[in-house]
Amino acid sequence: MLLHQSTWIEIGQFLERSRSIVIPIGSNEQHGPTGLLGTDWMCPEIIAHEAQKNADILIGPTFNIGMAQHHLGFPGTISLRPSTFIAAIGDWVRSLAGHGFEKILFLNGHGGNIASIEAAFSELYAEASFSGRPSGYALKLCNWWDLEGVNELAYQQFPVGHGSHATPSEIAVTQWAYPDAIKSADYSPQIANTGPIREARDFRARFPDGRMGSDPALATPQKGGELVALAAKGLVKAVETFSSEPKPS
Amino acid sequence: MLLHQSTWIEIGQFLERSRSIVIPIGSNEQHGPTGLLGTDWMCPEIIAHEAQKNADILIGPTFNIGMAQHHLGFPGTISLRPSTFIAAIGDWVRSLAGHGFEKILFLNGHGGNIASIEAAFSELYAEASFSGRPSGYALKLCNWWDLEGVNELAYQQFPVGHGSHATPSEIAVTQWAYPDAIKSADYSPQIANTGPIREARDFRARFPDGRMGSDPALATPQKGGELVALAAKGLVKAVETFSSEPKPS
Amino acid sequence: MLLHQSTWIEIGQFLERSRSIVIPIGSNEQHGPTGLLGTDWMCPEIIAHEAQKNADILIGPTFNIGMAQHHLGFPGTISLRPSTFIAAIGDWVRSLAGHGFEKILFLNGHGGNIASIEAAFSELYAEASFSGRPSGYALKLCNWWDLEGVNELAYQQFPVGHGSHATPSEIAVTQWAYPDAIKSADYSPQIANTGPIREARDFRARFPDGRMGSDPALATPQKGGELVALAAKGLVKAVETFSSEPKPS
Amino acid sequence: MLLHQSTWIEIGQFLERSRSIVIPIGSNEQHGPTGLLGTDWMCPEIIAHEAQKNADILIGPTFNIGMAQHHLGFPGTISLRPSTFIAAIGDWVRSLAGHGFEKILFLNGHGGNIASIEAAFSELYAEASFSGRPSGYALKLCNWWDLEGVNELAYQQFPVGHGSHATPSEIAVTQWAYPDAIKSADYSPQIANTGPIREARDFRARFPDGRMGSDPALATPQKGGELVALAAKGLVKAVETFSSEPKPS
Amino acid sequence: MLLHQSTWIEIGQFLERSRSIVIPIGSNEQHGPTGLLGTDWMCPEIIAHEAQKNADILIGPTFNIGMAQHHLGFPGTISLRPSTFIAAIGDWVRSLAGHGFEKILFLNGHGGNIASIEAAFSELYAEASFSGRPSGYALKLCNWWDLEGVNELAYQQFPVGHGSHATPSEIAVTQWAYPDAIKSADYSPQIANTGPIREARDFRARFPDGRMGSDPALATPQKGGELVALAAKGLVKAVETFSSEPKPS
Amino acid sequence: MLLHQSTWIEIGQFLERSRSIVIPIGSNEQHGPTGLLGTDWMCPEIIAHEAQKNADILIGPTFNIGMAQHHLGFPGTISLRPSTFIAAIGDWVRSLAGHGFEKILFLNGHGGNIASIEAAFSELYAEASFSGRPSGYALKLCNWWDLEGVNELAYQQFPVGHGSHATPSEIAVTQWAYPDAIKSADYSPQIANTGPIREARDFRARFPDGRMGSDPALATPQKGGELVALAAKGLVKAVETFSSEPKPS
């Protein structure tokens, strides 16, 4: 069930049978010479939308701009500062909690978001801790590649050249979902180098075409489809597990 | 051209021929007994995506959560506070300006966003004014219903019962784009009442099913298609006019 | 009754018979070659102070600095950023609400304030909406020129050359109240041009003497007096209407 | 010269002969059973307006709401939080500095403002210190009672019962300027008690009628006039001394 | 009793017999050619740690970075902006208040902190005042040199050349506690000049070696020991007095 | 070399031979029935102070309060919210960068700090990325247990019952440094349970004595000494490696 394609009455009815919701969250940032700028928000959206076809889970709108300051040296990247990101996640959660959602799972598509999302959770929890009133909700961050079996499949599909940015696995997922937007380009070296992540200017100097440790040419729509299918199952299971935890006191 | 389905290299090439971009912006909020929660961000997204099929304009990712505090009394609504909204628009603009975009047009789908978006523009301009350094960009807010001819068509299509929230015109647009998500419901009175907009609790008391002055049952996918076609043309024209203004000094 | 010329005991007594207050709010900004920098806060102050002479309404201190970033290119302009403006309006309202005021009417004298004031109202309401506790108050923005009959009179007085900034009507109001501060200057063209409002540098380039579409030489103290008399009556009526609304739930 | 009764052109001319400006700053807060709520912003305004009659100094608009959280237990008090106060002072200073003012003197009327005003100055200076670029201005806080000879005169006028809040000296100043707003009331004890200042609830419990250590019935308009005359002279001198300091490097 | 060398269970037990805590607070900033950068946080820490040896008082961790923007022109200085300082003090107080501490005494070692600490107190109190709920705690700022008899001793020890920054008294205190870190240097003039405190660049120009009005060579470890002994006694007394005030309502 | 026991002149001299600095950073929070509240800031301080005895590295003051909202249910815990933590780290870094430090290594003692520290780094880098001006510095987060060989030693010392909070390794480190503050207590189960970290109320319910997965009774001062010796060597090496990276462009 997609929240944005539902009426408020339908969401009210859903809340009578479940207090859980999934928010796809990612980033809009360069993904190397062939990856789409939307890769990191499209992947969790694709997986979450797929998952709800076969399970009674609720998927919220996609939080599509995250913390990508290090990619700002490449055209098309849009980034929030961590402080803005924390404020925005806060308002999403306050809105959802006000409706009675008790388990809010963020399905994340961008490694660079992790620290800021966890900081956002702590900011919200601290609000409760300082006020002495329980928040009434639990928050969970789940990277799509950490869903059951997904990383294993990805490394089996791409034993060499997976890397950590503009990876063949994430690009394969978008190829499966948007076959009309498959891109190709020459690049070298075939497998990009790696290194630390700092500010945008430094990043572009270290990683001239935007890839980190990856060879995205390995991606195929079929492999993407396999990843989506497995991840969608994993997401349903993760939601079930999270939902079955006792209500936050 | 959709930014999120492009590579950074393609955006770099686009910037050589144009410095303009369109950001669909809306809200995720209740739209009465039959309207979709995503109506206000889906409308500008639908129109902008349609427009770029026939013109070389660039559409960014959709800014899907806006200022909808007054709708928080209805399940499924997600709102940013104005201060968060201003911060987030700021980071979007700073990101885009850093790439060289000089004309940033926000195609808006939610009346409740207008004040906060204009405040966000002033916040950004003030940053430049206080620093004594020009920002290098111009910002424009354009509601989709204000595009050339659109309001006229809507009032011709719905001479009675258009209203101001959960209107048949916006619902028709989503019906055209998402025919599988057309909803129906009984409601009364046929045309909802009107009144001032204050906080969420007051809003729900005044407008029990969420509509303001509207009869959304008048919507049809066909009328939605007519609106989209006209609005898409209007958007292309608005972008052209904006782009032809001299570069901000 | 002027709050700042009252004791706290007198205000306590007023609160036993009314829960309404008027806050004149404006801006301190250039008003063309002959307009006073204080025009936009002096006008609502003049009207509100006049109105309370003949009615039992309470006028608070004047909020004299607003959102005027676009005028910062002209000496003497003082502006808050929207974020600061929102924070300050918030503290005024929280202070007044703490005393039991339930209807707070801002009588505004500056078009450039409107978006930020409305954003401030939403910020306050959102605080209540997120907390799940009603705010207990209603907020109203009222531009002095929108008071009953005022715009009609102004356009009757100045059928040509009224414009939108440094208008003869606002300058006439200050001439009536401060006849010793009437200024004159040569300028051309007689009626200033118009255009969009962006950052300060751009504004000064477009509107070299600060006027927008106006010919302020048309102003006379007598016409100002007529405007004040009508606006003062309109304000009393607006307060009565607002006060007669049911107490916010 | 009053800034708000001048045109931008006149301020531009003033800046050619001086880079100094005086901002009256105070608070709107309870002042005991007979003191006006506006006492603390009216006093510096009265003195500054008087001073500019006999000297070529520039007086800005009055910053009329300050840090008065401890008085919020009494009707009519309006307070900014320190964080809001700091932000607002910041924007006033940034605006004025942008026009070329180099010496900005805040003539203060409220002891409770001092810490927050000094914190605001440090916030502004820190902005410069962190950026490595000089601010170009110097800021000075001057309480009107600390102007040359004023405290001495006040203690000579009121050797007993001066106290620290709702003092006969400040009330005398407003009596001189606003003789129609002189109030009287019975109160006891004749001289109020003293104690620490904490939050509003505590303040009202300690100081039931709002006075601290004072007997405001000692005030007379004539004594107020003597104070104003002396303070106005002192202000002119303070501005001269401050202006004669070398331009900030 | 040192909080950081206690377990949470021991603090729980302490709270059963006392609701008071002392937080040493200072600054890390240049202290002239011979003073340690840590002087201003080490002094209150030394005194507080000494005091708890002979009395059942609780000393929290040292808040070691304060408001020292004016010293940023000298290597090694670390400063918070006032706004950051206020936020951080706020979180310390909210944490301690949550455990039931009702009397929180900040033992301060840096004059430049005073305004920001008092602003922080007001910010916290305002939170309570605006919410209408009592905070439940009282806050007290106490400079170590203002403890009973300390200033008198310092001026008796150093009748000439005490000054206001890099004073022989504060340097003596650190010499007593850290005899291995006693420094010496030639400087002139023997007694440094004085002047106003503004931004960092201006400060360094006025006070080239960092001293203000002082001759730190007068310091000896023995004089430091005398000051510590007296201040430690004064602190115990100040805590007793503060603790004996009625519980905040 | 300890910054706080140095003069500004000594730091100026250090900067001529190195542009690197180490900041010990931790948290003040409950550490189970026997762990000291200061454990997490004392460990990196102990290690860093030890390391500088044998190498020419510079250690800054200890940042002793971090992000520990989940421990606020236990007396003595003091926590910053992530937003405050980010602001404060920002001001430390801006201060140090202003003096010319180019490599700032935070030696961290608290797992709960990691996300917020990384978010703080991104906030600072984003400031540079948005401004288009390079920051001039590189930031590095290093947990003391991740220094070369340390984790291995800890798991060798404590093959069972190490856990993740109130671990025998961190407690051993404080026992070695503060033998007078060694505590003992009975607790059960011998090895605490584990689980997710959420808000403070939930944390205390899950982990009643504060431990997570650990048996701190295994700690001995001798094992602590071994850990400190190894970590100190590891820190010197980490600083060398970081320092040898090219200057940030």
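Chains here go by letter, A, B, C, D, E and F, matching the order in which they are written, and residues are numbered from 1 within each.
Keep in mind that, in the parts below, a residue touches a chain if its C-beta (ideal position, glycine included) is under 8 Å from a C-beta of that chain, and two chains touch if they have at least 3 such contacts.
Everything quoted here is computed from the prediction, not taken from an experiment.
Between the contact lists of chain C and chain F, the overlap consists of A, B, D, E. Using the contact threshold fixed earlier, the set of chains in contact with both chain B and chain F is A, D.
Centroid analysis (C-alpha atoms only) places B farthest from chain E. Look at the contact of chain A with chain B and you find the same residues on each copy: over half of the numbers used there are shared. Distance from chain F peaks, on a Cα-centroid basis, for C. With centres set at the average Cα position, the gap from chain A to chain F is 29 Å.
Centre-to-centre spacing of chain A and chain D amounts to 54 Å, using the average Cα coordinate of each chain.
Measuring from the averaged C-alpha position of chain D to that of chain F gives a distance of 47 Å. Averaging C-alpha coordinates per chain places the centre of chain C 24 Å away from that of chain D. The set of chain E residues that touch two or more partner chains comprises 72, 79, 81, 83, 91, 95, 98, 129-130. Interfaces, counted as pairs of touching chains, are A-B, A-C, A-E, A-F, B-C, B-D, B-F, C-D, C-E, D-E, D-F, E-F.
Partner chain F is touched in their complex by these residues of chain D: 129-130, 132. Interface of chain A with chain C (complex): residues 91, 94-95, 98. Interface residues of chain C facing chain D in the complex, by the touch rule stated above, are 3-12, 15, 28, 30-38, 41-42, 60-65, 72, 74-81, 83-84, 87-88, 90-92, 95-96, 98-100, 178, 181, 183, 185, 210.
Chain B meets chain C in the complex at residues 67, 69-70, 72-73, 79, 81-83, 86, 112, 114-116, 118-120, 122-123, 125-130, 134-135, 138-139, 196, 198-202, 205, 248-249.
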